[in-house]
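As structure tokens, the structure follows; a few thoughts come after it.
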Amino acid sequence: MTIETVGRQMHALVERLYPLCRSITGDGVRRTLEIVGESVPLRIHEVPTGTEVLDWTVPKEWNIRDAYVKDASGTRVVDFAESNLHVVGYSVPVSAVMSLRELRPHLHTLPEQPDLIPYRTSYYAETWGFCLRESTLAGLPEGDYEVRIDSTLADGHLTYGEHVVPGQVSEEVLVSCHVCHPSLANDNLAGVAVAAELARRLAGTDPYYTYRFLFMPGTIGAITWLARNRERSERVKHGLVLACAGDSGTLTYKRSRRGDAEIDQVVRHVLRTSGREHEIVDFSPYGYDERQFCSPGFDMPVGSLTRTPYAGYPEYHTSADNPDFVSPEAMADTLETCWEITRVLERNRRYVNLSPYGEPQLGRRGLYGSLGGRSDTKQAQMAMLWVLNLSDEEHSLLDIAERSNLPFAAVADAAQALRGAGLLKEKGK
Amino acid sequence: MTIETVGRQMHALVERLYPLCRSITGDGVRRTLEIVGESVPLRIHEVPTGTEVLDWTVPKEWNIRDAYVKDASGTRVVDFAESNLHVVGYSVPVSAVMSLRELRPHLHTLPEQPDLIPYRTSYYAETWGFCLRESTLAGLPEGDYEVRIDSTLADGHLTYGEHVVPGQVSEEVLVSCHVCHPSLANDNLAGVAVAAELARRLAGTDPYYTYRFLFMPGTIGAITWLARNRERSERVKHGLVLACAGDSGTLTYKRSRRGDAEIDQVVRHVLRTSGREHEIVDFSPYGYDERQFCSPGFDMPVGSLTRTPYAGYPEYHTSADNPDFVSPEAMADTLETCWEITRVLERNRRYVNLSPYGEPQLGRRGLYGSLGGRSDTKQAQMAMLWVLNLSDEEHSLLDIAERSNLPFAAVADAAQALRGAGLLKEKGK
Amino acid sequence: MTIETVGRQMHALVERLYPLCRSITGDGVRRTLEIVGESVPLRIHEVPTGTEVLDWTVPKEWNIRDAYVKDASGTRVVDFAESNLHVVGYSVPVSAVMSLRELRPHLHTLPEQPDLIPYRTSYYAETWGFCLRESTLAGLPEGDYEVRIDSTLADGHLTYGEHVVPGQVSEEVLVSCHVCHPSLANDNLAGVAVAAELARRLAGTDPYYTYRFLFMPGTIGAITWLARNRERSERVKHGLVLACAGDSGTLTYKRSRRGDAEIDQVVRHVLRTSGREHEIVDFSPYGYDERQFCSPGFDMPVGSLTRTPYAGYPEYHTSADNPDFVSPEAMADTLETCWEITRVLERNRRYVNLSPYGEPQLGRRGLYGSLGGRSDTKQAQMAMLWVLNLSDEEHSLLDIAERSNLPFAAVADAAQALRGAGLLKEKGK
């Protein structure tokens, strides 16, 4: 299957998931995970309302069936059926007639982007509200309006999905994406689609690491997972939060809190050697669920990969973040980058030169061209010399690739050949 | 009192102190400390001649009443009464008639600045001499001159003054300035005036640190203080040597010998974030009393704040360094900078996040805006997130301000709010 | 003797050694060492074929008397007597008549440099071959050729030479150069000539360090020396591999594997402060015998000094690397650089300030100008202040020179004066 086909499939998934009204709990999340589960089997977790998770409590479950504002003539001037962004997430039920003046504090618009509907939520303060275009609001005459939100906010569950690709070792690579946003395509259906596809591609590869994919509501989902997986979190050797994976901007990697974790080095290497335009930015405690994974108690080696980062584009958190805003090509490019990251992670290890005094005689082991005196040397031979010279427990293969300015794959191949010849062993084994 | 008024007061102090003939000992220093003591109460120390202080010995006390060179007509061609710079500091008494040729080796001029009187001393080699304008010297005819220096060099004392603003803790901030130069305004009456004003301003503030102000003769004064305060010197957590505080040049900070002491970081932060033009230079074992405080045995965290630094302006150590050379505005600017430095020092501490696993739920503590989804975030909220994320014992509030690029005050306010909510405690407490 | 004379002498040595047919073993190496031994006495080591040395085995000894390819008319179209480069090093004997097609795989040319003879060897795979100009090959008609190589490859010895200049301490500076290349001037007769001259110049100086000069075949020679001197190798505190020492390019220093060894710092300092154009490059496990000295088991502090580095010029490993390619001036410049490096190495030590609390009073020890107040300070006085301030066991004199931006010699002289005054002692003594 070509990468173009994969890109189109990911975009089709975005389009299919787009209309669902997701939030941090509720049936929108459940239906989303069902659809994702058609591609990669998910283990679904349902965590009851009221469960204490770290410093937080799992909130009530929210579901919504309909919502509207009707004018005097009975016309829906704001209609949930048109876009689920029209309702403030977690709005409590309301059914009332009120004047525009009374209604006004419950209406949210973007005066600077008058034709877009904003996205707003109020998870932890019980209230209700509507989001609408400033241009719509401007056209509303004084008078009474019928206001109705047919929602429920009640004890229930928080839902998240988990998919594991078992590896040769129990150490894990974590890939996390949030599934709590309603009709917003780049934030984060594109991330969901890329994560699902990456999981599918890894499935057939008997990977070294165990890969854990988390499809969870933002913040409270990550906090819930962390609360229930404190020990497992220590097994996570590398992690990526995937978001904003489909816009036309360049790739942006945000470092882990540590700043020099292996994942930071690997992503930088992949981005730099791939020739892709990209940006690398330092960690900040704002953005997506890296906030939780990189809280000081956990301090996990988790970075965040996006295209245009969090809040960095005018369509962010508006109705303009629709399926047209993301492209098959951009998602395919993000997926390829993730794949290349796993290619380096999988092979990046530390070795010990078993013949460290002088160079071992590669020629008699068939590892070296026998005709001396030629000034051109092959990349494979340079890679062997570098691996031998720096395999002192301190340097990983990626360290060696960076210091030698050789492609990582050439260095990893050299290590494999040297190991085959008995000249190298893996550190600690 | 406006800063303009304070500037004018400091300049008035410079003008009042200017005519006194100071040296490393003697009544000029005593009278200077008396006048400074009118603003800030000083404890005066008198250390007898012959006292051994570190590798040095307190020298004889020097006092001078009059000095001149009279030509054949009885006219004073060089006259101490006109400027105390005319006599080489620590000149032994002399009363003689001699030819110009005999006198010549005792005359010091500045051939390149023919209209300025140089400043010269000879503390540790007993000699005498006069300093005069090259233009004056050029006009002296051959012939006999009456030469008289009415000085005494005899057992006595070395005098210095100390002012302490008591703090909540016994750890100290040291502010030191030299008081041994005769009629030189920038070097160092301006430094004396700024130090006195800073002490006065701190007095009413119940500071965290104890602030110790030293008004001492250069080199031998600092050496004497260190010899008598070896244990106290270990309590000094931060220090500044103030000099050349009133010229029109930009502020210059010279780092402590350590280079990365907290005072170095604080002054750099204040200068950088204040928008002031400034220079930061590395430590060198030359200049003012940072030489002594930063000798390798003490290695105290003491930097030096000047405007144009030591020996960096043509008026340096000449009669052109007079009250016109320093301005109320420049002294006020130096004072403000010192004040801002204390504002950061006072609040810069390390905290420990008591809820380090995931983010604590700020919303339910009233610390966070409850309406999610908005892309603009307030500085105060970012500051709280940064403080929580980096309060792991390793990072000070200033580290956090620098890493987050937030104003120090916002970070310190966030720490205070979080501490109030029970989410933070001070490290080690 | 002027440096110009020395340059001419070194060039004369290159010209004298040039015609000898050296290889990694054999009489060419022996004769070379005999000639070098006329300048500096060498201890000659003969290591038998079959001796196990680290991962290697000393190979059979190779000697050659004659070799040629004759055309149908009996004319030598390729003739060892014209240039020893014409025979692939270590060629086994051959005596046969064969067609050009049969002969072709044994002929090596440089198609891009058709008028140059390449240099080729085959030490560890038994074969034979000829090297010739592409232009010669192009002119050879089809037909039969008489092919003869009158060589022997038989049990014998590997030969290397060693010269020691004894020092005050048993810690060593290693200078190594390879002597295994036949008629190639820059690679490495120039290095041999510079090393010999450096040894001669050091002889009369009663140096602090013991200097060991090694004249050895590349790779197998260094491996043999290391195998026989494992303990001595730990005494080597600094080392230089000398090669390509006579071309017209700028000096190039290749750092040791450690990158921050004292030799790395010293050479950088010398090159930088000498005003010479130069390049400093990072270690790589390719090039000359630094590959062996810097293998991870030994990890010796050995860098490599060349002019144009290994394989960096078109004449490299061709008949164009002849005595005209190297100049007396370039060799003299390399020698001077080596000499300056020894001047810093010899005096670069760590001292401890015995009067570290405050500045010691230099004036009463006659170490300081007594007339204060002058703004100009002498380099010697600044050097004393810097040495006192940084002599805390941590800083070497070279560290002090670099931090103070003073010439190394001024700093070393200051340390000597301070030591004479009892203010300094050598660290650990």
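Points to keep in mind about this one:
Labels for the chains are A, B and C, by order of writing; each one numbers its residues from 1.
The criterion applied here is as follows: a contact is a pair of C-beta atoms (placed from the backbone, for glycine too) under 8 Å apart; a residue touches a chain by one contact, two chains touch by 3 or more.
Predicted model only: the values in this text are computed from it and were never measured.
The touch graph of the protein chains shown is complete.
Looking at which positions face the partner, subunit A and subunit B present mostly different ones, since fewer than half of the interface numbers are shared. Note: Cα superposition of subunit B onto subunit C, rotation of 120 degrees, nearest 5.
Per-chain Cα centroids separate subunit A from subunit B by 55 Å. Not a single residue position of subunit C touches two or more of the other chains. On the subunit C side of its complex with subunit A, the touching residues are 54-56, 89, 118-125, 219, 222-223, 226-227, 230, 257, 282, 284-286, 291-292, 294-299, 311, 316-317. Within the complex formed with subunit C, the subunit A residues making contact are 353, 355-361, 363-364, 370-375, 377, 382, 385-386, 388-392, 403-404.
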